[in-house]
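Naming follows writing order (A, B, C and D), and every chain is counted from residue 1.
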Amino acid sequence: MLSAWLPFLIYGVFALAIPASMIYLSFAVATRPTRRTRARVIPFESGVSQGQMKPQRFTVSFYLTALLFIVFDIEIVFLYPLAVQLHALGWFGFGEFAFFLLILVVAYVYIWRKGALDW
Amino acid sequence: MTARLRDYGLQSERLLWPTKGPSKFEEELGVEELEQALGITTLEKAVRWAQTKSMWPDTFGLACCAIEMMSIVGSRYDLARFGMEAFRSSPRQADLLIVSGRVSHKMAAPLRQIYDQMLEPKWVIAMGACASSGGMFNNYAILQGVDRIVPVDIYVPFCPPRPEALMEGIIRLHEAHQAGVPPAYERRQVAT
Amino acid sequence: MNDFAQIPGYVSAKDEHGETTVVVDRAHVREACTYARDELGFAMLIDVVATDYLDWSAKGVSGYIGTATGRDLNMPMTQGLQASPDAKPSRFSVSYHLLALRQGAPRLRLQTWLEDGQPVDSVISVWPAADWFEREQYDLMGIRFDGHPNLARLLMEEDWEGHPLRKDYPIGGEPVRFSPEE
Amino acid sequence: MSATLSHVGRARRWPFVGEPVYEGSRIPPRVPTVLDVPAELTESDDILQVNFGPNHPSTHGVLRLIVDLDGETVVGISAVVGYLHTGFEKNMEQKTWWKGITYPERIDYVGYQNNELVFVLAIEKMLALEVPEKATWMRMLLCELNRIHSHLVYLGTSALELGAISMFWYCFRERETILDLFELVAGQRMHTRYFQAGGIAEDIPMGFYPEARKFVDRMPVALNDYLTLLDRNKIWLERTQGVGLLSADDAIALGQTGPVLRASGVDWDLRRDSPYLAYEQVDFRVPVYTGGDVYDRYRVRMDEMAESTQIVRQCLDKLERMEGEPWISDDRKVVLPPREELHTSMESLIHHFKIVTEGYRVPAGEVYVAVESPRGESGCYVVSDGGPRPWRVHFRAPSFAALQATATCSQGTLIADLIAIVGSLDAVMGDTDR
């Protein structure tokens, strides 16, 4: 059982080690400022920032675009297992894949014609 | 035994001018202070090497020197050879502030705020006569030298400095940092 | 070229170095500019300049006897005799440089004379370009333009006192040290 | 977008104005340079105020735009300038005429030869000094090279902002050859201080003509490279066409001059309409487009670069036939006598002494001279009291007028288009703040 999972384990170790080392180094090697640290906290507004920006409401069109992105992006998750097992599934798998894409294209054309994409 | 800075690997003078004696800023520093700075671990040296080889400048173009600073990124002078072609626009990601041009009093506050927002270790190059000393504008509007508000590491003369002159300043800065010379704000115990 | 006498508030006109300068009374600046734009066809306001003539002819100036057509070569320079330039009507002069987009690019300079503190009508309604020109002259020279919707400092900082380009405003900067002693 | 390259012929329609870009005027009613947020938007507090501040990569230099954003569209804008105010005019009042010639170059530090030319022409106009022909032609050549140099810097940086990063390296390659020519002639790449009141400071060095010939042959090929890179690039066309509209009447009302005016359909170029130097003896065409948007300003500047190359070629032909002619006027009251003459003649020594210590004197009077700089009409208003120092010097900055059009051009545009508009107005901050 272990041998089946060994590559995954090695991959996981590396996936943990590299970010951890970066985080550690950025603390160990960093030189901390001692004085005048107020400037670090306030946002960078090309030099003329007065202080913390008051919380702003964002218009709904940002939210709409974000949702559309998610809808069309998550389908990749379904394509990974298909890609791995495509030789086993053969033409049946390809048919399923085509049908799945067809639905998405219909959805895409619908929102395109509805005008949700242009700002 | 007064060891020359040259013995610690500062080669720029030797390459360009073999017969030249120790440069001014070796005396200005004195050997004891450097001795103490150099007695450091190799990790520190490795970090210094890494910091030197990827010192990203901040696009702080003010006046005519900014046009010459732009031409350094061009293909003929090519700052990429020193790992510096990524001109960062936000001070959070910049290590080196090249003040290129004349600093007016209205621009002094933003300049100081940008310098404060840069993360350590940070360096300042006063490029051109106007940034170093107010240049030919000795009047009400211009700050007579940017070192009145930020500690400056390297002053580059001329108006505007040729790209080679600015690169000489940059090479000097790299060598000084590699040899262990601390940045200006530590050397002069000024507010960071 | 029609003469400029019909310009409302016309005071005098002079032709020097090939340029016509029409001096206009301070109170009629806006009518003069509207007339210049509509009747005389000066469609573009190129520039608004204020000049400070404080103690203009106080100290004599030894120099060429400048004639209207420029230097007179065979008239020797004044050997030490201080020739003081002709006196000016009052301290400040505001000149409006106008340009007509026509054949030969005719140009005109409408000039008004005013003392310190006297306002001038803003010509923003005639040419929108005057907005920043007038704000700059207010900021640097202290000329108040009535009717300007947003007359504030443009080039200097908001809390800057004094108007730098006036003759009584010191040049500022620092004395230059040529040797490290003092 | 109908393109007309109006010839220098006598038959001319004044001033040719194409079909208007939009009806009426889009200049903000209250203050021409400030776009106010419409009333109904101010209550709904999702207006985000953003500082395109002094240290921003896309504002060429230290311009600060306070932008009110509703989502991505720009609903309010007001420009704050003055971050590079250097007090040129105050400093020049303290300097003699001779020393003052080196200041104007630093005003518009991208089109520096034209600025220096405008101050020198003002001095010569007051002195009624005639300049030898060789100097006039050499000045024209250097100013045209400087126009190409300035348009290359415009093209490199504004294309860089819109994502065409490789344009920067292409344009700066040609720019380096121009700066080599300046260095060959005057010893320094920028701010050459090569013009003197009365002509040019030094004679033209030996190797200049072949080098300039090489550049003039190389430039059309380089221009072709830029066109193939940009002209059919869908992203570039999408980002620039129909963006930042400015109609002819608004451009004239806002005092626009130069490429911004010619892109809005007004056929006006000082080099042809009130010729100075020797522009009437040179054959060139003035590009006029009627689209009034960022794309047409780009096309005006591209055609101007081609025309300037032709002018440089004609200047070279003329100059090569003028070997050995005087390059500076011999009026000893203004121009320094040559060195060897000092050893022999007493008068030259006195003239030399007077000019060097006290500076030459300019007769009393006031003068306004205008020149077609790469950004538009760059003028110089000089008042002299007859003494060795100017009484008042004022420079009319084309970038100062160009920035007044930001409020008019950026109505209802997206924030990404704002970067293209500010780039297309090609405002140099030193010129704006003086």
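Just so it is clear, a residue touches a chain if its C-beta (ideal position, glycine included) is under 8 Å from a C-beta of that chain, and two chains touch if they have at least 3 such contacts.
Fair warning: this is a prediction, and the values are worked out from it, not measured in the lab.
Colleague: Tell me which has more C-beta contacts between its two chains, A-B or B-D.
Modeller: Pair with the higher count of C-beta contacts: B-D.
Colleague: Where the CA atoms of subunit A average out and where those of subunit B average out, how many Å apart are those spots?
Modeller: Averaging C-alpha atoms per chain gives centres 38 Å apart.
Colleague: Which whole number of Å gives the spacing of the CA centres of subunit B and subunit D?
Modeller: Centres of subunit B and subunit D (C-alpha means) sit 32 Å apart.
Colleague: CA centre of subunit B versus CA centre of subunit C: separation in Å?
Modeller: Subunit B and subunit C have C-alpha centres separated by 45 Å.
Colleague: Rounded to a whole Å, what is the gap between the Cα centroids of subunit C and subunit D?
Modeller: Taking the average C-alpha coordinate of subunit C and of subunit D, the gap between them is 23 Å.
Colleague: Which positions in subunit D are in touch with at least two other chains?
Modeller: In subunit D, 53-56, 82, 85, 87, 90-91, 433 touch at least two other chains.
Colleague: Give me the residues of subunit C that touch two or more other chains.
Modeller: 156-157, 164, 169, 171-172
Colleague: What residues in subunit B touch two or more of the other chains?
Modeller: Residues 106, 110, 114, 137-142 of subunit B touch two or more partner chains.
Colleague: What are all the touching pairs of chains?
Modeller: Chains touch in the following pairs: A-B, A-D, B-C, B-D, C-D.
Colleague: Can you name the residues of subunit A that touch subunit B in the complex?
Modeller: 29-36, 38-40, 42, 44, 46-49
Colleague: Which residues of subunit B touch subunit C once you look at their complex with the stated criterion?
Modeller: 105-106, 134, 137-142, 144
Colleague: Given the complex with subunit A, which residues does subunit B contribute to the contact?
Modeller: Touching subunit A from subunit B are residues 43, 47, 90-92, 109-111, 113-114, 116-117, 119-121, 191-192.
Colleague: Quick one: in the complex, what on subunit D touches subunit A?
Modeller: 45-46, 48, 50-56, 64, 70-73, 414
Colleague: State the interface residues of subunit D toward subunit B in the complex, per the touch definition above.
Modeller: Within the complex, subunit D touches subunit B at residues 53-57, 61-62, 82-88, 90-91, 102-103, 106, 109-110, 112, 153, 156-157, 168-169, 172-173, 175-176, 179, 189-191, 429-430, 433.
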